[in-house]
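Next up is a structure, given as structure tokens.
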Amino acid sequence: MTAFILKRLLSGVITIWFIATATFVGMHAVPGNPLLNAKAASPEVQKNLQARYGLDKPVTTQYVIFLNNMLHGEFGISFTQKNRRVNDIIAEHFPVSATLGVLALVIAAAGGIIWGAVTALYRDKWPDATIMLFVVVAVSVPSFVFAMLGQLGILKLNELLGFSLLPVAGWGSFGHMLVPALVLGLGTMAYLTRLMRSSMLEVTSADFIRTARAKGVSTLRIFFKHQLRNAILPVVTVLGPAIAAITTGGFVVELVFAIPGLGRYFVQAVQQLDYTVIMGTTVFYGAFLVIMVLAVDIVYGFIDPRIRVGKSGG
Amino acid sequence: MYKKRSFRLCSMAQLGFLLIFSGLLLTASQVSAVALDREARRITYAMSSEPPDLNTTTSTDQVSHMVLDHVMEGLLTYDSENNLAPGVAERWKLREDGATFWLRKGLRWSDGRPLLAKDFVFAWRKVLEPATASEYAFILFPLVNAQAINEGKLPIEALGIKAVDDYTLEVRFAKPCPYFLGLTAFSTLFPINEAFYNSRNGRYAADAGDLLYNGPFKMTEWVHGASLKMEKNPHYWNREAIWLNEVDVPYITDDGNARLNLLRDNHIALANNLGEQVLGGALQQRMQIKSFLDGGMFYLEFNHRPDRVTRNRNLRKAIQAVFSAEDYVYKVLGTPGTYPAYTLFPRWIKGEKQMFKREHPPRKPEINLEKARAYLVAAKKELGLEKFPPLSLLADDGSGGNRTAEFMQTLLKQTLDLDVKVDVQIFKQRLAKMTTGDFDMVLSGWGPDYDDPLTYGDLFMSVNLNNRGRYSSDTYDHWVSVAQSTVDVKQRMQAFGKLQDILFEDVVIIPMYERGKVYVQHPKLKRVIRRAVGGDPNFNYAVIKE
Amino acid sequence: MNQPLRKTDREKALEVSNLHVEFDTYGGVVQAVRGVSFDVCRGETLAIVGESGCGKSVTMMSVMGLIPMPPGRIVAGTAKLNGREMLGLSTAALNKIRGAEIGMIFQDPMSALNPTMKVGEQIAETLMIHRGLSHREGLRKAVELLDRTKMPEAQKRTRQYPFEFSGGMLQRAVIAMSLACNPSVLIADEPTTALDVTIQNQVLELMREIQREEEMAIVLITHDLGVVARMADKVAVMYAGQVVESGEVDDIFYRSAHPYTLGLRSAMPSPEMHTDQKLSAIAGSPPDLFAPPAGCGYCSRCPDARNICETQEAGLIQMGENHYSRCWLQHAEANVDIAELYQHIHQLHGGG
Amino acid sequence: MMNAFRPTPQDFYPLIKQDEADVVVRPSLSYWQNAWRRLKRNRRALISLYIVVFLLLFSFAAPQVFEFDSQSQDLTQLSKTPGLERQSLVVDTAPWEGRFAAHPATDGPLQAVTDLQVIDVAHTEAVRLAWAPVAGASYYRVYRHILRPSGDKDLGLPLGETEYVDQVSFEDRLKLDTVKYYYSVQAVSKMGEVSPYTTVAVQPRHAISVRDAVARGLLEPEQLQQRIGTEVTLKRHLLGTDYLGRDMLARLVYGGQTSLLIGIVAPLLFVALGIVYGGLAGYLGGRIDELMMRFADFVIALPFLLFMILFRVAMGIGPGESGIVPMLLALVLLSWPAVARLVRGQMLQIREQPFVDAARLMGAGSGYLIFRHMLPNVMGVVLVSLTFSIPSAIFTEAFLSFIGMGVAPPTPSWGSMCNDGVKSFMSHPHELLFPAFMISITVLAFNLLGDGLRDALDARMKD
């Protein structure tokens, strides 16, 4: 197990280096000058600005400096918010995205597992049909439509109640997170529901379930002790990619609900060509995803004894 | 039986979900912000973005300026009627070769330190110091040696500013600067305490605690990207005139819809900058809709570089003769309070005795397809072209750039059979392309930097770096220099009138619209100041009525 | 008339009669089991033989209440376990019986155990449910049970997961599990098919041993006549959802009456066979049970089919004391010299 | 039961079997025929297939048959919801000078405006108001509401102010619709005091200016003056128009071209790349395989949307370019490894299978092996993954266009149409709902088709 984790960690480090390099190359291929502003600056000021951000050095030197700084966990100063380090920006905005993402993931995973299990239990009956209809809709309707409808829904709800049950936008309390997280998690929830359903059905027709029934185990006990755990396994494997989808897919929700998350910040940074923020954010997200996938693999190992006890195949 | 069991199971799952959900709802119901709190004298507002830079020496954007205008004050300031009024300086004297400011005695920064004349000297020098790389350094160029210092040719000590004593500030001009008093109310010229600045180790203005305040409010809380809070500054000299105790900004969103929704839900007192599309809802809700002109002038700018067909005046004339600013503004833009523009100067600019637009009415182009086609034929002849190559129309993706570009493309195709290639870029790439001249036409705009028509008028001077279409005309340059150097109001206004004529005659640009910002304000909130120059909106003198 | 295997001297453990099972599928209704009857007494082994898809597994799964309903449906018939009707019981009632009075072993031991549960837990589960044992007691008993199946290091094995077991060990574990509560009937659905030969013998031996000790009835579902010869007391041959021949093991092996049984026998290698003799396969394939033929299901493959075989279904014809066959050739009117006929069929299948 | 039947000797004559009796009942079908048969049985998948075919016809074939004009702007019919009346009054375009009146003495308390009236016929090209001058007024403010004002805080949109001191008229041309409007006028004094308001209600008729009518070919240029005041029938817009008066249906057709093009071509390209890469890795095996797959892992690890945005910006879109190519490239660059992994896994499995060994023993060359034996066996899995890639590619396009990082205007795509429509969601929901519906139905159809294909091909999607 330790060797397995070490091996994965090493490849994770190389992966992060790859991401960083790809970002650096991509960023420097972007046409346009990040230091331009609505008010033209004299060549002197331009030069001063370039010196300030180290853009006057050759690209290779910049790359070395960038990697070196990255090793020390330092991404430089933002181009648009001239007084803030990228680290501070990430440290401040990422927890927001992460909180939202975790809540969305919890909703998605819990919902996906519950609904998936319910549909499998009620296979081809109306609860199955109803939930699967919702799933199909949730998978097919773009998230921005849901975000819009979600906000409209809060508004109508508050109007109906005559007081503000849920805030329409913003960030702070739990109420702020609820609908955005629901909207954000919806697609993943639908996906997980489908997965859980087919996984449940596969498990339901598995031989060991028949064995359990043949030995007189009650339906309830079969469901909890035999079906769920086995059916959840494939769901757990996709949690890594799901985390990726949720954390990086938060832009729209963050935009619509005015949530100060890193996703929204990234879009703004791209629009303003904020080099350091773009590079910092991308590398950070890349590293985050690598770590999450690794974490999911380890968690999977705990659930699936075949991996935990057995060989550490990769 | 099997069925029954699983039903129980299902309802259990549902019940659990319901429980979790209702638990969430319970914790969710403690929503904090209320639009107005008369008891606490607090108002709540939503900003469109996080203030990017509160360091007055480098700050360039309206959002930062909005905050700075609440928490800091310059030598002069604006009063509750939006007129220039004494600020840090009690009185002053403006001359052709300079100015003297006499500061109030006993002024203090928010931490209790005394505010003295040297704080201005430090701040202004900092603005011009090359290492600061301030994009607004040019605003101080009227001062002696300012430009040379900014270019690194002279030490910062050579700047024409001197603290005669703790309360007297002496400024020397390289050339007359009739609009200098207005500049002193602009945030780039706000004071900075040197000792404090140096103590922050480069983190000056990075957080609420990394700034010293001398304005009506001080910032007590700043969660980046999420919220900030401004509370009344007990050290402010004119604190009696300030009614509000607190301006709370718990929301930051650039989505007009979200802001309107927040207002509808009584979370904010003013929803600023609303798009035309969201107004239907506001009308249905019987909200009080207001608008004001924010000074933004938008126009189609041509590339006048020699290698471009748009250098041909007849081609520009042809386009001028088919573009109806009214059609465009009323039908395509459709924002109430936004006016069709026929000139570079906004309608609120004051002239010698009355409004500038009254003394020098702009000429409206005649929309005439026949004439336009004749111009086009002439242009083809002059250029020796059978057919025009496709013209590239540069725009950025913000503020309806797409929409306008698409409109122009179809308009020119339908009327003049001109092929237009739309080139929509993100803002900075649009600027880069404008700077390198990679365009034929560009949808561009200009907002004022200071309270004088010159901020618009010198835009197409051949040496102006913002003249990215590289228009160059000796007569234009001449009238700009007249406006720059004379202090006689009448002469200046005449110069601006000439500039306006040249812009029309030579079709340097085709003015499109004068931007109006639509907003909804809580009916009990009074005396909010809207401004085209500097930070907007301003709550310094706001009160909450019963 | 429909009670062909009668052995009154012993207590009947399981008695199935006239069982009809159908499945709804996209293509229509499949009549998987069409009137199957048999019985088995304590201490006796009944082998149900037939090729895949003939309905032998479905028959036993129906008895256990393990076919999914829908799409499955028991149309008619009874199944009495120790005199008690099994069909139509509620799941809860079935759960009291399954594992306690009747156990089942499945074909593939690799997939028959829950991969995420320790083997010991799975054995103990049966005991906890039916005997009300505590977790700890259940585990202790599980070790004993594994011991009894001659599993080495049983103590350690109970704490392992199925994937750590070999196939033979798994089947032992499954047997241990199904025997945990001393059921009176054990259904073994091809228990050795997935195992290699040496292991097969061990497992079969184990089953015999336990049967002897516990006076248990075994229903052995298989297509392997070798296994039948070793294990069975009685045999029922199934074809296309029906029992086509049934009888004592000797009846089937030495006095086979139905051409299908003969075909099966010819397909089985035997030690007496000459090395140059070819094993024969039965040409053709079983009929489509979406639309069972009007006549004998074997008609299209039968080398000696008669006109009537195509149109009329044959009834069971008694051949010996407990020996019945469902074939027109044995009909009184057929006027067939059976011995000659067998010779003929034999030649057709293998001799020739 | 059989007792009743008494067989006759003829019944026992040996049966003479017909030839067909020996023929297996079901015809033997190839893998693909079989899959197709199973797919046809799946009603949902079949309907989805029809929808997909319809969408393709809708976007690619329909413009060949019918004429769709997605470019021309109809400024007289902006943001029209589907199925509105099309009769329109032809009106003159000559500018209105307005009305002027000598002012009464300018002192005394400010009175409300009197005699507020609508001049001429109110129509959607212009509503002209005039009123009697008010003593002490410096200028007048004009508001427009869609509800009857309930107080001076509820006057509606501030349309503007009169320009001259003696002007007592106002022309409203701001996005007029054929609904009832309440115009309110307030007099404002020099000191900024505001008088009580006066309201007049008016419902404008739909109108088109002579200039526009000629430009649209609704009128012959000869008899213009006589036609003023008559009615013309405007062009039909089946699904309404967008914010520039462009035909929604035409935009949806051309938007579909973009969205489906990206949605189908990008997966085709990256699946092809994935097959080549994964096939090569799987076939070569060993160290090279390991290296190749490690690289694929790197690419998979890139945060997808972030890099889509980054690549889109880095590649840039020149003037007049649609931006489809950069998006295709970005999609292909980032998406191929998943397919490569899948194909490689399949190849490794198939390589071990006996029929490949058999073919090898019979002297088959590598190329023959790959193309004759290995690839066809991978195709099922690939086809399913292709079908599932299409909706996600369409979503990616929509998502990027939605945040303004997609195709460049004026190229329509369903995503960019959503982006345009979302701003006016509250007032003209059809501008968002139509394209959103198209995206949804497309994604839905491809998803269900993918499900059907997976079942039909029995392809295991496990990597």
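Per-chain numbering from 1; labels A, B, C and D assigned in written order.
Heads up, the rule we're going with is that a residue touches a chain if its C-beta (ideal position, glycine included) is under 8 Å from a C-beta of that chain, and two chains touch if they have at least 3 such contacts.
These numbers were taken from a predicted model, which means no experiment stands behind them.
Trainee: With centres defined from CA atoms, tell me which chain sits nearest the overall protein centre.
Mentor: Per-chain C-alpha centroids compared to the overall one single out A.
Trainee: Once every inter-chain C-beta contact is counted, which two chains account for the most?
Mentor: A-B
Trainee: Hey, which chain ends up farthest from chain D, C-alpha centres compared?
Mentor: C
Trainee: Quick one: report the Å distance separating chain A from chain B, using the average Cα coordinate of each chain.
Mentor: Chain centres of chain A and chain B, defined by C-alpha means, are spaced 36 Å apart.
Trainee: Report the inter-centroid distance (CA atoms only) between chain C and chain D in whole Å.
Mentor: So the centre of chain C lies 61 Å away from the centre of chain D.
Trainee: Centroid of chain A to centroid of chain C, CA atoms only: how many Å?
Mentor: The answer is 53 Å.
Trainee: List the centre-to-centre spacing of chain B and chain C in whole Å, with centres computed as mean CA coordinates.
Mentor: Each chain's C-alpha centroid was found; their separation is 87 Å.
Trainee: Among the residues of chain C, which ones contact at least 2 other chains?
Mentor: 91-92
Trainee: If I count partner chains per residue in chain D, which residues reach a count of at least 2?
Mentor: 313, 316, 404, 425
Trainee: Got the chain A residues that touch at least 2 other chains?
Mentor: Answer for chain A, listing residues that touch two or more other chains: 31, 218-219, 255, 270-271, 273.
Trainee: Going by the contact rule set out above, which residues of chain D touch chain A in the complex?
Mentor: 294, 297-298, 301-307, 309-311, 313-316, 391, 395, 398-399, 402-405, 415, 418, 422, 425, 432, 436, 439-441, 443-444, 447-448
Trainee: Please name which positions on chain B make contact with chain A in the complex.
Mentor: 2, 5-6, 9-10, 13, 16-17, 20, 24-25, 27-33, 46, 49-50, 52-55, 58, 60, 130-138, 150-152, 203-206, 210, 223-227, 250-253, 255, 257-258, 261-262, 264-267, 397-398, 425-429, 431-433, 435, 447, 449, 464-466, 468
Trainee: Along chain D, where are the residues that touch chain C in the complex?
Mentor: 1-2, 5-15, 17, 21-22, 24-26, 41
Trainee: State the interface residues of chain A toward chain C in the complex, per the touch definition above.
Mentor: So the residues of chain A in touch with chain C come to 205-208, 210-219, 221, 225-226, 229-230, 233, 303-306, 309-310.
Trainee: Where on chain A is chain D touching in the complex?
Mentor: Against chain D, chain A makes touches at 11, 14-15, 18-19, 22-23, 26-27, 29-31, 136-137, 139-145, 148, 244, 248-249, 251-252, 255, 266-267, 270-271, 273, 278, 281-282, 285-286, 289-290, 293.
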